[in-house]
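Two complexes follow with chain A in common, the first pairing it with chain B and the second with chain C.
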Partner chain A sequence: MTFGMWDGVFFNLGPIPVDHLIFTEWVLIALIGIIAISATRNMQMVPRGLQNAFEAIIIFTYDFFTQLMDEEHVAKKWAPLLTSFFLFILCSNYSGLIPGAAHIEGFQPPTSNWNVTMTLAIITFFSIHIAGFSEHGAHYLSHFVSPSWAMLPLNLVEEVAHPLSLTVRLFGNIFGEEMVIAFLMFMAPFLVPSAIMGLSLLLGAIQAIVFTILSSSYIAAAAGAGH
Partner chain B sequence: MRRNKWFYISALLLSLTFVMGLAALCMASGGELAPPVGQPAGKTPAFGNYFVIGWTAVNFFVLLALMYKFAYGPINNMLEQRTNTIESSLKHAEEVKVEVEQMRKETQANLAESRKEAQEIVGRATKAADDAKNEILARAKEDAANMKSKAEAEIKSATDAAKAELKDTAAALALMAAEKVLGRTITDADHQAMAKQFVNEAGDLLC
Partner chain C sequence: MGVALGAGLAVSIAGIGGGIGMGVAGGKAFEAIARQPEVGGDVRTLLFITLAFIETLTIYGLLIAFMLVGKI
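Moving on to the complex of A and B:
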């Protein structure tokens, strides 16, 4: 039984190996970048078409994180990171639905490998503490011994549990979904997997939203008045 | 969002392409799942592949930089610009409203003044017409009075002329009658004296 998609080397860039899923990440980032550039290349006062859609996404995320985080300046500061998380994870999840994913050279859905989800979770982990320190300074450290020194081990476990839960949740869901589709394809190639693929569309979006919302709530908790 | 038939047709075609593509892949692999790319047989993926972690971190920060440069920067600027435009438009609209209100008041004042002037003009015209009427009436009365006095004078002179003629005729008749009674010709001196006497007596009776 394979645990996670194999992260095989696609080609070497000098001494650095480039895996199949890294190449896929490049393609996805290029795709997002091209859409962003073409949407904002010729900005109009009255938005239309792609500019309108892209602006709607950005404004929606700003509003969404402002509501979620309570404090507008924190939301404004961290919304780009969180939106990038969302777009990156959403595109990665959906890339697994394209025929040939994980079976074509240089095309492996990134979020089905736990090294990728772990990297994103580590970025979240550092973002949480950067947000905490930037809002509260050294006083932020006091939350590790809150409400008393006896809680220090539990608080530390909690801090480690955050990125771990993010990693395993995203990886597990996407990998599991891909496995289910693969087995269904094996058993009934026609029509049956399309129902699961329909669910996968929902699942990919939900997992991207869950990862983003949890990250934003952790950041909000660290930057909020509770600490 | 309004969706037309092309939206549904595109969604259907895309779904069909995906399902058929997967099915084709499955068929091509002879009914068996091909192993994922790069997977050596019988081995499981390594946890903590530092190259994948490093590349993913780099890739993600590149994406973040791209988003900052091409999405957040321009969109934030545009939002700010739009906010400024809307604010200035609202301010301008407020100014225009005040200006229009002032113009409306001025127009109303002008209208009231014009009405007043028009009423004055009408008043003046009415007065002038009354004056003209009175003057014409007065002149007509004067003319009528003149005509009346003239007519009376003419009547009087005609009456006098008629009286004088009647007197002469009466004198001549009296002379003729006196000649008949006397049986002789009356001299001028008689004639004159008698006629005068008669006329004076008869005239008082006639007139």
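Moving on to the complex of A and C:
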């Protein structure tokens, strides 16, 4: 038991224990993947149905990230990653709203465990520096000593603080919400938790948007012309 | 007893600070949108980012509270 959560193991995949969180993630990945593949399997010049919806989503996200990151080629390069972040976090936040979740043991949204959110944040961390190096080359290193050498320790702390704050924000929000629902389920199991569940629909979407926007603004800051 | 009090204080004091900060930021953002409705989209994005930063500090308090509750 860590943080009052169940951590049973379903089966072992070689040295890796597979628990309910990893299993939920696999189901989500398969769900998103199957929908995406079935939408793009036989594409047509004049889109219909699911392909039409997906084209609208892609155009919307490209425009959104271009406006946010100022430079179109950077936005085009990183929009697929950021959109995947958004879809995965959104589905994973909402997976806690399946009837019976949060008070049945072994049934919780993956983002309410900080191994998962830390993984996402570390992907962002590497993306930031890859974006910086691929845009500026070795010149990117000079932004660690801007405006002067004395700021080097502070800049390094800032680089570590970015993924840490992304981790804690997503984990804390979803875990806190799950705990509130679990507590209300314990106190008043009939109808009362639905108010918080309605709120958590909004909260899950906002947290997914915030994670995506913050990642994109960090990447834009590293890749931008500011340094 | 002391641990329980500490857990309550951790999240409530963090909540006071975060609440004041979010109120000021949100109020100013609405004022800006009311004065100049055409910049609404930009202000809204910036407001979300700012609120996320403020919220993180409150979440740190919540995290400490959960850790303390786990120790009771």
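Details
The rule is simple: the second predicted complex is superposed on the first by the 212 of 227 C-alpha atoms of A that agree within 3 Å, B and C clash if a C-alpha of one lies under 4 Å from a C-alpha of the other, contacts with A are read in each partner's own complex, and residues count from 1 in each chain.
Here is the rule we use: a residue touches a chain if its C-beta (ideal position, glycine included) is under 8 Å from a C-beta of that chain, and two chains touch if they have at least 3 such contacts.
Given the structure is predicted, the values throughout are model-derived calculations rather than measurements.
In the superposed model, A:Leu214 makes contact with chain C only, not with chain B. Once the two complexes are overlaid on the shared chain, A:Leu120 sits against chain B while remaining clear of chain C.
Contacts of A:Pro15 after superposition on the shared chain: neither chain B nor chain C is touched. Looking at the shared chain after the overlay, A:Glu55 reaches chain B, while chain C stays out of its contact range.
Set against each other, chain B and chain C differ in how many residues of chain A they touch, and the higher count belongs to B.
By the touch criterion defined above, A:Pro147 lies against neither chain B nor chain C after alignment on the C-alpha atoms of chain A. In the superposed pair of complexes, A:Met43 makes contact with chain B only, with no contact to chain C. Residues 3-4 of chain A lie at the contact with chain B in one complex and at the contact with chain C in the other. Against chain C, the residues of chain A that register as touching in their complex are 3-4, 68, 165, 168-169, 172-173, 175-176, 179, 206, 209-210, 213-214, 217. Within the complex, the chain C residues that touch chain A are 45, 48-49, 52-53, 55-56, 59-60, 62-63, 66, 70.
Across the complex, chain A meets chain B through its residues 2-10, 16-22, 25-26, 29, 32-33, 36-37, 39-40, 43, 45, 47, 54-55, 58-59, 80-81, 83-84, 87-88, 97-100, 102-108, 110, 113-116, 118-120, 122-123, 181-182, 185-186, 189-191, 193-194, 197. Of all residues in chain B, those touching chain A in their complex are 15, 17-19, 21-27, 29, 31-40, 43-49, 51-53, 55-57, 59-60, 62-64, 66-68, 70-72, 74-75, 77-79, 81-82, 85.
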